[in-house]
Each structure stands twice: as C-alpha cells, then as structure tokens.
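Letters A, B, C, D, E and F mark the chains in the order given here, with residues in each chain numbered from 1 onward.
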Amino acid sequence: MSETELRASPIAPTVDYSADGVQHGFLRLPYSRDDSAWGSVMIPITVIKNGEGPTALLTGGNHGDEYEGPIALFDLARTLKAEEISGRVIIVPAMNYPAFVAATRTSPIDKGNLNRSFPGRPDGTVTQKIADYFQRELLPLADVVLDFHSGGKTLDFLPFCAAHIVPDKVLEARAFSLVQAFSAPYSMKMLEIDAVGMYDTAAEEMGKVFVTTELGGGGTATARSAGIAKRGVRNMLREAGIIEGEPEISETRWLDMPDGDCFAFAEGDGLIEPMVDLGETVLKGQVVARIYPLGRTGVAPSDVRARMDGMLCARHFPGLVKAGDCVAVFAVSV
Amino acid sequence: MSETELRASPIAPTVDYSADGVQHGFLRLPYSRDDSAWGSVMIPITVIKNGEGPTALLTGGNHGDEYEGPIALFDLARTLKAEEISGRVIIVPAMNYPAFVAATRTSPIDKGNLNRSFPGRPDGTVTQKIADYFQRELLPLADVVLDFHSGGKTLDFLPFCAAHIVPDKVLEARAFSLVQAFSAPYSMKMLEIDAVGMYDTAAEEMGKVFVTTELGGGGTATARSAGIAKRGVRNMLREAGIIEGEPEISETRWLDMPDGDCFAFAEGDGLIEPMVDLGETVLKGQVVARIYPLGRTGVAPSDVRARMDGMLCARHFPGLVKAGDCVAVFAVSV
Amino acid sequence: MSETELRASPIAPTVDYSADGVQHGFLRLPYSRDDSAWGSVMIPITVIKNGEGPTALLTGGNHGDEYEGPIALFDLARTLKAEEISGRVIIVPAMNYPAFVAATRTSPIDKGNLNRSFPGRPDGTVTQKIADYFQRELLPLADVVLDFHSGGKTLDFLPFCAAHIVPDKVLEARAFSLVQAFSAPYSMKMLEIDAVGMYDTAAEEMGKVFVTTELGGGGTATARSAGIAKRGVRNMLREAGIIEGEPEISETRWLDMPDGDCFAFAEGDGLIEPMVDLGETVLKGQVVARIYPLGRTGVAPSDVRARMDGMLCARHFPGLVKAGDCVAVFAVSV
Amino acid sequence: MSETELRASPIAPTVDYSADGVQHGFLRLPYSRDDSAWGSVMIPITVIKNGEGPTALLTGGNHGDEYEGPIALFDLARTLKAEEISGRVIIVPAMNYPAFVAATRTSPIDKGNLNRSFPGRPDGTVTQKIADYFQRELLPLADVVLDFHSGGKTLDFLPFCAAHIVPDKVLEARAFSLVQAFSAPYSMKMLEIDAVGMYDTAAEEMGKVFVTTELGGGGTATARSAGIAKRGVRNMLREAGIIEGEPEISETRWLDMPDGDCFAFAEGDGLIEPMVDLGETVLKGQVVARIYPLGRTGVAPSDVRARMDGMLCARHFPGLVKAGDCVAVFAVSV
Amino acid sequence: MSETELRASPIAPTVDYSADGVQHGFLRLPYSRDDSAWGSVMIPITVIKNGEGPTALLTGGNHGDEYEGPIALFDLARTLKAEEISGRVIIVPAMNYPAFVAATRTSPIDKGNLNRSFPGRPDGTVTQKIADYFQRELLPLADVVLDFHSGGKTLDFLPFCAAHIVPDKVLEARAFSLVQAFSAPYSMKMLEIDAVGMYDTAAEEMGKVFVTTELGGGGTATARSAGIAKRGVRNMLREAGIIEGEPEISETRWLDMPDGDCFAFAEGDGLIEPMVDLGETVLKGQVVARIYPLGRTGVAPSDVRARMDGMLCARHFPGLVKAGDCVAVFAVSV
Amino acid sequence: MSETELRASPIAPTVDYSADGVQHGFLRLPYSRDDSAWGSVMIPITVIKNGEGPTALLTGGNHGDEYEGPIALFDLARTLKAEEISGRVIIVPAMNYPAFVAATRTSPIDKGNLNRSFPGRPDGTVTQKIADYFQRELLPLADVVLDFHSGGKTLDFLPFCAAHIVPDKVLEARAFSLVQAFSAPYSMKMLEIDAVGMYDTAAEEMGKVFVTTELGGGGTATARSAGIAKRGVRNMLREAGIIEGEPEISETRWLDMPDGDCFAFAEGDGLIEPMVDLGETVLKGQVVARIYPLGRTGVAPSDVRARMDGMLCARHFPGLVKAGDCVAVFAVSV
C-alpha cells in the first residue's frame, strides 16, 4: 500500500500543536487487551509555542532503559516558559512509553525496538503505531530533532553528542554545529552502516537536522550525566535560535568510529573481567576483557582482544556475558 | 530440634579438605525438580593447602549479582599455587551458585537471600541447605573469613572493605587489621542493627575473624573495581600469614555509618534524578534526588533530602525508583 | 496477493454443511507447537439443517471472556432439533476457541483480537486462520449472522442487541427488524467509527444481515442475562423464518451513541470509585467516577466527568483503573 | 518460641499513634528483593485522634481484589476531621498492600492469604510480617475493629455486614449492635467452622469487638455498593461513640448460614450457566447451575443442585468453573 | 506440636470407606487462591469393598509425570467388580493430582515433591496436606500398599517391581513375595540410603507391606509397559488374597543396587550422546556417555564413565544434560 | 519486494566457505534485545573442504528438541578430516540454535518453526533471518542436502531415512539412492501434502538432492539411534562421492504413507493408554489407544481407532493428550 493510501493514525493528541503557550497532555493510542478491552497507551507530551520560529522536536525514551534524556526532558517540559522561546518546542520524554514504564529497551507489549521500527504502520503493533505517528505527524512539524540515547541496562558509553555523516553536506554541517553547541565531554561523527528502520534515518531522509547522544548507560543516570543532558538540550535550543543567547560551551573531544574493527565480541558465555575502563586507550591485540566459564574453578578464561588501536568508548555492562555480545567498542580521536 | 539432632548435610564435596595441594571440585547438592528428577546443584570450590597454618575461607556470590568477588576469586583459584601458602585457602567464588548463574540477588529456585538464611537447615530449601553447609562444615574449618559484596544490580557503593563492631575486642582488632591490609580506597566500621540470619553473624558468633566488602555495584564490575578486589584478597592473605610478605598498602579513608539517619527513602514511584554523586558531601536538608512521576509532564518532582551531613557512600542505582526504596546512604569520615 | 491466489484454508471441518440433520463436530486447525508437534486447535461446531431455507450463522466467543453467547449457543446446539427449522443453522459457540478456554479476550497463542483480525490469512497466526475460515468459508454460506458479545472481564454493559447504520438501507432495515425481534431490554443503533478488521464489517461488506449484542460483562453471566440471550436467539431465528412462529416480544428501549463525547477516559492510574451506575442518567460535566492514587492516603482523588448528557450504558469494570482506560460510556434515548 | 521471645516487628510506622490530629503516613516494611536490594513495602495508614475515647481500627484490602472497603476508607481517611471524633480512628485501607496493587486475593510476593496468616511471624514472609504487626501492634490499640470484605474476583455476595457467634456473649452483643448500625441491606450471623489463621479470630481472641462485611464482588464496586460501605463505616463509628450522633439506619434483612449444606460445589470443569440470581430463593434439589464441558457441542451439561431450601447469598462469579469450585451458597432468613 | 495435637485434615472424602460395593468419588481439598477464592483440589478416588478381608491401597501419580501407574489404576478402578474381591481395594490413580494434571514431577501449586513430603501437615501447603491425609487417614486403613513409579520425564528405567530391605524381616518377606507375584521383567531389592520424607518409609514405619515399581520413563508409556502394570497389580491382589486365584507369573530377573558407585553424574552442561542402552552391561571405567558443549563445534566431548561393573538400569532421558544430573545408574544381578 | 531487491542478510559467518581445510566458527546473527542491546545469536558451523568435488550441506536442530542429528553432526564436525574428503562438507548441527539451546521445537525468541519459515526474510524475526540465510547463502552452495529430524519431545518414530516424491525424477532417483545408502532400519517415500515453508521444499525447488530422516523421538536419543545417525551420514557422504569407499549397507524396510487415513487424532483431552507399539501392525478399525478423562475414575475411556491397515510408524509421545493431537500414524510396506 502506498503511503497516500495509509489509514489515519489511531493516535489522538490531547494538545494543539498550533496553539501558543505551554500545554501538557498525551498522545492517546487505543490499545485493546485482555486487561482493558477499551484501554489506551497514554504517552506524555508537552508543546511550548511562542509566535513564529523554528520547531525543535525533543525525544527521550526511544529505548525504555536510558535515563539522561527523560530526566532532561521532564525537567525542561516543566521549567521552560513560552516567553523564553521563539518558535516551538515539542517534548516527548518517553517515546516508547510502555518500554519506559517497564524499564526495558524494547516494548513489553510487542518486543518492538522503536529505533528499528520506522516508518511504522498505523495498523501494526503498538510500537509500529508510535513510529508511524512520529513519521507522519511529528517529524513533518520539526526543523531540528534531538533524540537522546544512553547505553541502557546492557551497555555503558563515554558521554557524547553525535550526528551522522549524510549526503546533504549543508544538513550535516548544521547538525555538527548543534553537536558542538550541545557541548558534551565527547562528540562523535557517526557513519551508520545499517540504518534501516532507525528514527535517525527517517528524520534525515525528510531533510531534518538530526542530533543524537550517548550519555552513559547501565540503566542508571548520575548527577553528572543528567547535568550534561540538561545543559546540552538548552545549549542546542540556543544554537537553533529557539532560546535566546549563546550556548554555554565547554571543551569537547571529537571521536570517530572508523569501521567494523572497532567492535570486539564474546565467543562464549561467562563471567566477564574487564581489563580496560572507558576512556582508556589500547593497542591492537591487547586483552581488553577475560571471560571465565561459570561452572568450575581452575579453568583459564578466554581472552577478548582489541582489533585496532583506540580509546574504549563503549563496553558491555552486566557482570555476565553471552556468546555474541559486543564486549567493547573502540574509537579514535579526530 | 537441637543442633545435635540435625540430620547430616545432603551436600557432598568432591574435594578433600585435609589434602595438600590444589583441588578444584564441587559441592554437590542433590536437587530433585521437574526438569531433572535426580539433578544436583554443583557449586564450584577450590581448596589449596600446604602444611600447617591458618585457614582462610574466601567467598563471593553470596548475592548472585555482585561481581568483584567472583572475579577476584575465580582468578585467585586458578593462579594461587600451593607452594605460595602456609596453611589452607578455601575458595567458593559463587556461594549462592543458582543466584550467580541467574545474575540475581536471590536464588531463582526458592527466592532465598543467602545472607538472611543462616544458620540454614539441612532439610530446608536449596538456599537453606547451602547456609547449613557453611554453618556446620566450612565455617568451623576457618580462622579468617572474607565475604565479598558489592551493591548488586540495584545499589552502587563507594569501594570499601569493612568489619563489624563486635563484643570481642580482640576479634574486632584482628578484623580491622585485615581491613587495613585489604587497602580499599575506603574502609568502613559497621555496627549492624539487624544482623539476624547473616553469614557475618554466623561467623562472628563462632569466633571467626570476619571481613567483608562493598566494591561498587550496578550489576557490573570495572577494571578498577576488579583490581581492588584482586589486590585486596592477596593483601589480606598476607596479613593473615597465609601468603608470605607484606600487604601492598595504599591510602584508605575510614568511614562510619552512625545511625538510621544515614538512610534516605523514596515515598513515591517515579523517574529518579540524582543531584549528588558518590563521594560528594551534602548538608542535612539538602536535596539529594528528585523523583518525577512517570505518567505526565508538567508536574513538580518530589524531593528527597539528606537527614544528616555526610558523604554519599551508596545510592539507588536503577533509573526508576519505587516507594520504599533506599535512595541514598550517607557516611561520615572518622 | 489477491484473494484468488490465496492458498486453501488449513482448517478441516468434521461436519458436512450440506447434509440434513444435526451434526456436532469440529473445525480442526493444525497447530504445531512445542508441546504438540502435530497438534490442532479443535473448535466445536454444530450444523442443523432441514431442507431449503435461509442460513443463520450464530457465533459466540469472538472475544473469549464473554459468556452470554456461549451459554445460549451451547444450549441451542444441544436442544434445537432439525425438524424445528426450515433451512440451516450453523452454530460456533466459541469462535476464538483458544481465548475461550483461557477465559481471555484475545488468544493466548498469538494475542490475536479476533474481531480486529478480518479478513484474516490462511498462512497467518492461529487467530488469522480462524478469521480467514469465517471470511472465505462460513460467511458466504450465511444469510443472517448473529455474533454475541458482552463486556468481557473489563467492561460492563446495559444489555442490548444492536445493528449498524450501513449504506445499504434494505440490509439495515432487515438487521433492525432482527434487533427488534431479539427483544433485549435495550436496543442500539451503532455508527462504527473505526470498523477496520471487524467481523461485523466483513459480514456487512458481503451483504449479509448482521446483528450483534452486548449483554452484560465483567467476565460473568447471570441467570437473567443468559436468559435474554437464550430467548433472543430463538426470537431472531423466528423473525428470520428459520424457526416457525412469532418472536416473543417484550419492551425494549432504543439507544444511540452519537459521537466521541460519549466516552470518558482516565488520565491516571488508581482505585476507581464509581459515582453512577448502569442505566442512571447524568448531565454534562457531572462527576461520574473518582480515581484515588493507590500509594498514599489523604490525597484528593481526580474526577472523571461526563462530556454529554446521557444514560450510563457501559462502564469500566475492574476495581483498579489505568491511565487511558475508558471509564464510562453514555448513550441517549431515541 | 513463646510470644515474649519474638523479635520486634521489622515494620516501622511513620505515624505517631498517640498524637492528636490527622496524620497520613506509611507502615514501612523492609523487603529486600532482586529488583531492590534495600527496598520496602509501604502500606498507607491514616491516624486520626482527638483526646480520649475508644479506638476503632478500620481495614480494607485484607484480600487485594475487594474494593468497597478501600473506597470507603480512602474516602474516610481524606475527609474525616479530628474535630469530628472523640477517641481515635486508625485506617489501613489496603492491609495486604502488595495484593491490593496487584489486584489479587493473595500477595504476589509470597502467595500469602493474609486472612489465613494470623498470628503471623516477624521473621516470616511479607504477608506473615503484616499479620504479626496487626497482631502485636495494632489490634492491642483497638476497641472496635471493622474489616471490610467483598467477594473478590471469583465470588459475588448479597451486600451484608456480619459478626460471629462467639463464646463471650457481651462481646457478641456489642458486635451485633454495630452490625445493626452499619445498616447494610442484609446482616449475617456467622458461625465460623474453620477459623484458624483468621484476622477475625485474632481480634476476637483478644476481646475486641469485631465486625466484617461482604459487600458485592466480582473484583468491582458500584456506586451503590460503595455507598453502602461509606455510609456503614460512619454509622458504625457513631454507634461506637467515636463520631457524634445517631446512625442513619435503614432496613436490613437478617440471614443465617446454618451448616455445610448451604454450599454447592462443581464436580467438573466447564462453562457455567447460572439458573438462579442473588437474592432469589430455591428449594432443596432445585438445579441452581448447569456446567457445559468446553470442548464439544451436543453434550448434556451437568446439573448443580441446592442441598437445602434458601436464598442465594453468594455465587461463583467467573464464566468458567473448575471442579471443586464453590458454585453457590444459600442462607435462611432469621 | 505432637501428633495428637494436630488439627483434623481439611480433606473431605465423598466416599465411605466402610461401605460395600464400588464407589467413585473425590478427596476434596479446599484451596483458596487468586482464581478461585473458595476453590478445591478434587483428587479422584475409588473404593471397592466386599465383606471381610485385607485392604490394598493402590496409588499412582505420586510424581505427576509417571504414567504406567495411572493407566493401570484408572483401568482397574473402572473394571474391578466388588464381587471379584474379598476385602477392600482403595485406588488413588493420581495422588499428587495437581502435578498429574500439569504433567510435572512436583506440584505446580507449591513445587512440592509428594514423595519427600511425608508425614505432611494438615495446615501446610497443598502437597503437605495430601501427604498428611495419606499418613493419618489412608495408610492406617491398609494392609498392603502398592505405589507405582516410573522414571518421569527426565529418567528412563528398566521395568521392575521393588521392595525395600527393612528391619522387620517378616514384613520384608511378604513384600518380596508380592514383588515376585507382580512379575515384572526385572525385580529389585532396594536399600534406601536417604528415605526421609518418603511415602515408602511412612508406610513401612507403620508396619504396612509396601511395594513399589519403576516401569519405564521419559514421561510416556507404551502398550508394553502399561501391560506390565495392568497385569502386575492384579497379580499382586491375587497374591494378597484379595482377588481369587494364582498370579500369572512370568520370568523376572532380580537386580541389586549395591552402593553409591552405581550412580554416574555429569560435571558439565551439554548435549548427551549415550554410549550404552538400558539392559546392556558395562565394565568399570567404560565410557557410558559423552557430553558435547552446545556452543561450538570442534571441541572434544567430556566422557562419563562407569564406576563399577554392571547393567545399565536407569539413564538420564532428555537430550540435553546439566552439570549435576545423574546420567546413568548401574545394577548387578543377584 | 522482489527477491532481487532484498537487503543483504544480517548474518556474518566467521568461516570462509572457499578455503581448504577444517574451520570451526559461527554464523553471527545480530540480535538486539532487552538483556543485550548489541547481542548476537551465534550458530556453530563447521566447513571442511578439500579441493574440487561436490558440496554436502548437513543440518540438525531444524527443530530444537531432536537429538540424533546434532549428536551425529557434532561428532562428524570434530572427527572428519579434510584429507578424508573430496569436495566440501558444511555442517550446521543446530540450525535453529536458540531452539536447540532451549530444547524446544520452536524458537523461544519468536516461536518460529524454522521448517515452516522458508524462504525467510532478512528483515524478519530471528527464525526468518536464519531461514533466509540458508535460502540465499547456504543452499546455493550445496549439491546434496541432508536434514536430520526425529520426533522431538511429543512424537516418537520408527527410525527411517526418507526422500520426497518430486516432479524431477532424476533428482528423485538420486535422493532415493542416498536414502538407500544411509541404511536406516526403515526407509520412507514421502509425498508431502502441505509443503509450504519447508526447508525440504526450498532445497528441492533449487534442484538440490534432498534427504531427511526421522530417527526416534521423545526428546531423547539412545546409543542405538545415535549410532544409526552417525553411520548413516558417513554412508551418505560415501554414496555422494565425498568420502571415498562404499556405504556400509544393512537391511532396510521400505515404507509408504499413502494418504490422510494414515493419521489418527484425539477428540478429547486425557491420559492416553497406547494399545499398540511402534512397528506393530493393525487392522482398520482396531483400537490403537484409549483416552481416560483426568478428573474422575469410573468413566469409560474414549477409543482411538485405526482408519487403515498398516504398521504403527509414529505415535504421540507424552502421557497426556489434548484434543486435536495426532495420536498415531500408520504406514504400509512397499
């Protein structure tokens, strides 16, 4: 079915995107189920509008177990005043709301990974319906899009803001200027190898300036990581001309993930002993983690080695590891 | 039934505690269940013995989601040679083995919290049978007991080694000398208010020198925290005279948790924004965390405040919090 | 794939739709699964035929937790004699049989809501295969279709029989004459806003006279509500000319659900205190329910208000409510 | 262990039972678990005190799926003013709070049926700890105890208030005067055959005046049933001299359940067709329900018959029934 | 609490043990739970009595996944006529009825292994209540007890009938004469090492003649194994003088399990390749199974070796094995 | 989307199909999930190549609870030397690896039945991605394909090797010559009625010589059945010219399943008593099994009868049966 034939989204917003002022409401998504025949998913949304100007679409909780974004956006939604801005700010602190409430990466309803569900379907699963609403209703309203991520319960990242290498170099330059303004401790240029189904791709293909982050992980946030997020989003809105004034810039270190050699994988299950911490550098061939089989003592652990020189920018978080898990990711300074 | 009437433990070790040399084996605990009528739980154990001398009993995985102890002990079990020691080292890297394999605090078999199950029962649940075996078979063999803990998946701690204030001051002094030798970044004097069912109490009541740790948390370990554990256990064995030589001492900071005011609890569910990080100091009444209700934007968060001046030494780890969760623990320097 | 290309349904009936007499059998749907590699779903079916005449297709258990229909149809299947009728009666008391056995609205196998699964797929999930069989095999045999519904475990309805406003006014008139004959305490004219995937729509688009009911709810039935169903179905067969004689008419009250304002939704989770009961009338703005947060006393409940004048014709049933649940539905007399 | 040797309850109240005024707080019960190592169960409690006078202990949610009590008590806790009373009112609207939040009869934590867990244990399961706290801390404070019940998700009752036949006839008379004052549509004299572990028994054995109710069921409440509860509890407090003024009496009908013949049980699984509704009378031997096997049509249902003459005062609620379920309960007028 | 103080069993039989004739009924065990507040477990029972004579108590389904016993006993209960016997036969084909319905070794309600739950408790779990009823009500009625076992889903046995070596040699001789009469292909003399909690022990300690079987396994039965059970039970009743006539004897081979060396255990998880089949003989040290780790090819399997010369009389059944599982059991001919 | 438009498979092999020698590696399938954001499924694979010659693709674990194939292929992968062969052998002992680890027929991830998932999808579920990789990457490399099956946990088969009647008679003849060489006790000619989605069909439609087996069942293997598999696969490689030498032929008995009458189904739930064992012959109308309802004694079982003369070649395995289960399959000798 071509897009023009798609039925309307079943999602009904309780806010008016064209009204000035601050509105707190919901995206109501009807969801009939065994424990509520006429139930709905209620995704919180805030719209702040003041006259003319660009629209920023700010999202957290694309994955439900990542917390810096939701913290910064619940805070921003409550504290940003209409008179502080020129244009419009649309805030959805918990995009995949069922996953956010369940504290899981994917939706407990349909196991949907929202960031692999674009462009979505109006007659699909709950996660696909959310993707479709962003695809057809919210992204078209936006000029600038910021989607917060962190490592979630199973990964941990150096804190960075990032944008993609894209064919449209004007778009790319505007995105990197927003990354610079965000002013996280690290900044990343990303070349996405497999971008199918991502929100990022959906936004970029529509010509939107798209910025994302990875700001820690482990399914927690700290005062420091939450502070980076809170300062970064206001900085970005300043750079976009929506909040007046200059971004509060601090030093950032630019990184690059050049190719597939930056990933190291586990080939067996076990107890992981990390040998390198985030931000430390390694040489190619260095042992970066050891994996002990769980069931007996006295057995040598298997070594996981770096396949390139670089800085550890992401790592497997849980104490146990399974065959096939990504154990470490390395980046190079640029 | 008095202790003398207790039936024998059903656990059969495959190692001989009185034999010299290095033995890797199992504590085999018969466990009949739907998916194995004649199955067993196999708890890995290593015994290293060389002539006469004191016995150290070293344990990790008392709670199954704490990793610095198992890492240090799987490593030690594999690398410590009989000729390096005088006396005996008994190593059980994963005491509550079913919990360790499941990566959970408590046993998936019976929900047993091993550290609240002492003295255990030979005819009880699997967790109670493990406690009973330590109570009646392993603790009596020991002179010195080190039980590794960390915060697990839901708490995060400053890294410290600790011992309890106990009535027997000779015992207490020996324990604190081992804590000093362990040489973690922090050291803690603990006055346990409710010690019913703890392994600690079982050991101390038998007159054993008992030392424990909290070395991080979140259900992960880092190269740094695993390093503290690996160095600490060898230091402690040196101080105990089992490994020759002096402990490699580095600076430690002594802390104390004076009373119940050191704990701050959540009164509602929500998204937690930490306002203070581990190791930072606060004043009484200061907001240490804010809790946002999940279901709508534009609502003020509730504040959690410190009830004493102090340093944040432990915190709630997951990004979401439930009413009744301990959010923060403060300690004072001594 | 166009319909002509569809593979045959995998469902094999053990009854012969063209044979005279009473046959009790099964729709056998092969369903390979972990606990039965060569298993099947066996959906009970009764076919009663006597010479020439119209065919009625009578169904219950479209949602598995609604009971008046299955009670009336198990009773009818056992007691209706071939010689009582002219034509044919096809009875499937539990359309979504896996849901019926599980006492759930949707199928425990695939979470399929049968009434949103039409036209179905012969190579789809179990629920889609059932929909496809009705779409391509049973509906084409029918002249008149009665599909019993009630509120299920999570809604409660005033007892009514209903038909839809449809473009074909001859069809509509025939449907409403059957509703009148059914003679429930209430009768409803329904204008379905979102009819995608419904059995109703599938039948009506095929030009079948389609009648449905809502006869109570809460996942139970009473002697009274079961009696309405048992009498109603025989009345309808009389009106359709399949059973001889006149319907036993009693008074019915005609209702209408005019637009979206008839629904009231919860915006938060909590304990619901209903302020109005089924059949009572309210004025626009009146508080119809109050919702107490569960976690603390002393907090004011939030009010749910009627958005129109009307009679309460359906309500949320369980004692607890979730944000997004439909709390109340109002209708107007016509 | 004798009661005097029992360790103190681990439950810490955040309210002061001896302070005048209105306090809303919690019973905090430490509960260490996989998803919160230092978590707690927080049971809401309200204490309202004004000078001298008797103490009423008012409870709902003893079973977690019964709603009239919690509605009346959340309402009362919020609206009753200290100056309205003489003495003290202690309100726990959801005794078995984990069950109440889960909307289940028993606790999801330990499957504990609180009303079969008395006197409880301070070192037992969560449910046993709650029972112990009522046994040793709250019941001793009370003169009058009202414990609200309804049928829960699986039973439905005529609305009645009740007290037990007890050996102490003075106590019994005072209880029945409170039942009369409660003024439910029906009132019941109950002779408990197996009262082991009940809260009722614990209270009565301490010499407390104990009153209970059954006010509907099915896991729901109506405006009518909630109204009975709200009016009844204030009436009872008036009769007890805690609230000034006379109870608002309306007519009640006294019933009695004479012996075991008042119960009728199912001997097979199936779909239940009720033949009698609550409040209707039957003769011994009359068919009160029929049970259809689920798996095939054309089979005769099995009959369930009354074993005495009487009025249907309680019934099985769900549409499906299992062998051994109580299908119907009959009472006689007195 | 001493036995004389025990409260009465809550189980109510619907049969009269003292009445002549054939009665089919239930042991009704009240079991309140979330899905049936006033529900019961209904354990089928048949009592066949004819005048004076000994009583045989015949049971199957002690473990719920063993089928030869239930098949033989459902068959016997339906076909044995009162006039065929002298005395009484009490038949409970599915002792642990909840486990039998769930097709699991232990009860799905409480994970109770009935054969480790004796003497049970009248106020314990469902499984403990069943044990208590047999202990205090049924065993005292019996002279001869036959309890059918097979290997269940996780073990497979050579088909044998067995009795224990017991101190009372008269009792032992009577038991072995019944074993001989049962006439299974194999017969076993068993010296139980750990008999705590077994039904066998409970019966023998009461001075009852106790006989048991192992008749196959894998959670299935064959025409052959069911035939052995059906013939064996009638043979045993003949030998006991309850059915007239001589047992139909066929050849049996007597076996003995001398000591703990007859068991071989797995030390790791994996895919098991059996190297020996039931009934085959091995020499000490012979490889009887090989275990392949699941996660990679090219790795040598670990060998499991026999620790004695003997015949394979039982084996691990499932294709995968876990560390600690009993892999093989060997017996010697006597 | 046409096949040429399909995106590349996300599966990355760690082996080089074109390299000579023996390689043990993995098919790495990225699988992001709640417990591993950047996790993978790691399917073990072995490639053995020596110069020119045909390629055999050997698979087990298409259904995860069938064991003869995995045993034979883990053994072959470890023991077959490159110098023994001419050509190439690709071995995947556990195609549906997640199902194999879970010991279930279908994948625990997506409930996918791999053998009904062809041709698969590169952007589908995990099971569909596996199917797609075999469809587009592995099958095109093969000349000869052997896919091992057994009955799994719920069926039991006479041990046979089989090939299909296919339109291309040259292909069919080559397949049957391989079946003959495999030399199982039985050999089967199969006419697949519904072959949609099968691996068999995918291979045959590509013109590959396809051979399969059924070698027992019940979720176990025996020394005998594993031996048949191990000998059979080497025999087949000899016949295909990949291993030098002649197959070790032993006698086989050819069977045929002529039409739908070879299947007998259960119409009700219950305890199954088999009346015939595998390999025994029956006459049409003979009772082959009896089904006892579980809930009461004294009721006649329902009979399942053969619908043709023949030999029992497959049977329902578990002791309990559900309505719709295939109870027995009969074949005729050819």
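As a working rule, a residue touches a chain if its C-beta (ideal position, glycine included) is under 8 Å from a C-beta of that chain, and two chains touch if they have at least 3 such contacts.
Note that this is a predicted model, so its numbers are computed, not measured.
Touching subunit C and subunit E together: A, B, D, F.
Greatest Cα centroid separation from subunit A: this falls to E.
Comparing the centres of all chains, each the average of its CA atoms, the largest separation from subunit D belongs to F.
Of all residue numbers used where subunit D meets subunit E, under half belong to both copies. The two sides are thus made of different residues. Chain pair A-B has a twin interface among D-E, B-E or C-D; that twin, with over half of the contact pairs alike by residue number, is C-D.
One rotation lays the C-alpha atoms of subunit B on subunit E, and its angle is 120 degrees to the nearest 5.
Centre-to-centre separation between subunit E and subunit F, using Cα means, comes to 35 Å. With centres defined as mean CA coordinates, subunit D is found 43 Å away from subunit B. Among all residues of subunit D, those that touch two or more other chains are 26, 42, 65, 267, 295-296, 318, 323. Chain pairs that touch one another are A-B, A-C, A-E, A-F, B-C, B-D, B-E, C-D, C-F, D-E, D-F, E-F.
Here subunit E touches subunit D in the complex through residues 7, 10, 26, 28-29, 31-42, 123, going by the rule given at the top.
Of all residues in subunit D, those touching subunit E in their complex are 63, 65, 104-106, 111, 113, 116, 151-155, 194, 196-197, 263, 265, 267, 318, 322-326. Residue ranges of subunit D in contact with subunit F, taken from their complex: 267-269, 295-296, 323. The part of subunit C that touches subunit D in the complex is made up of residues 22, 24, 26, 42, 44-46, 65-67, 70-71, 74-75, 77-78, 91, 93-94, 100-101, 103, 156, 218-224, 226, 271-277, 280, 292, 294-301, 317-320.
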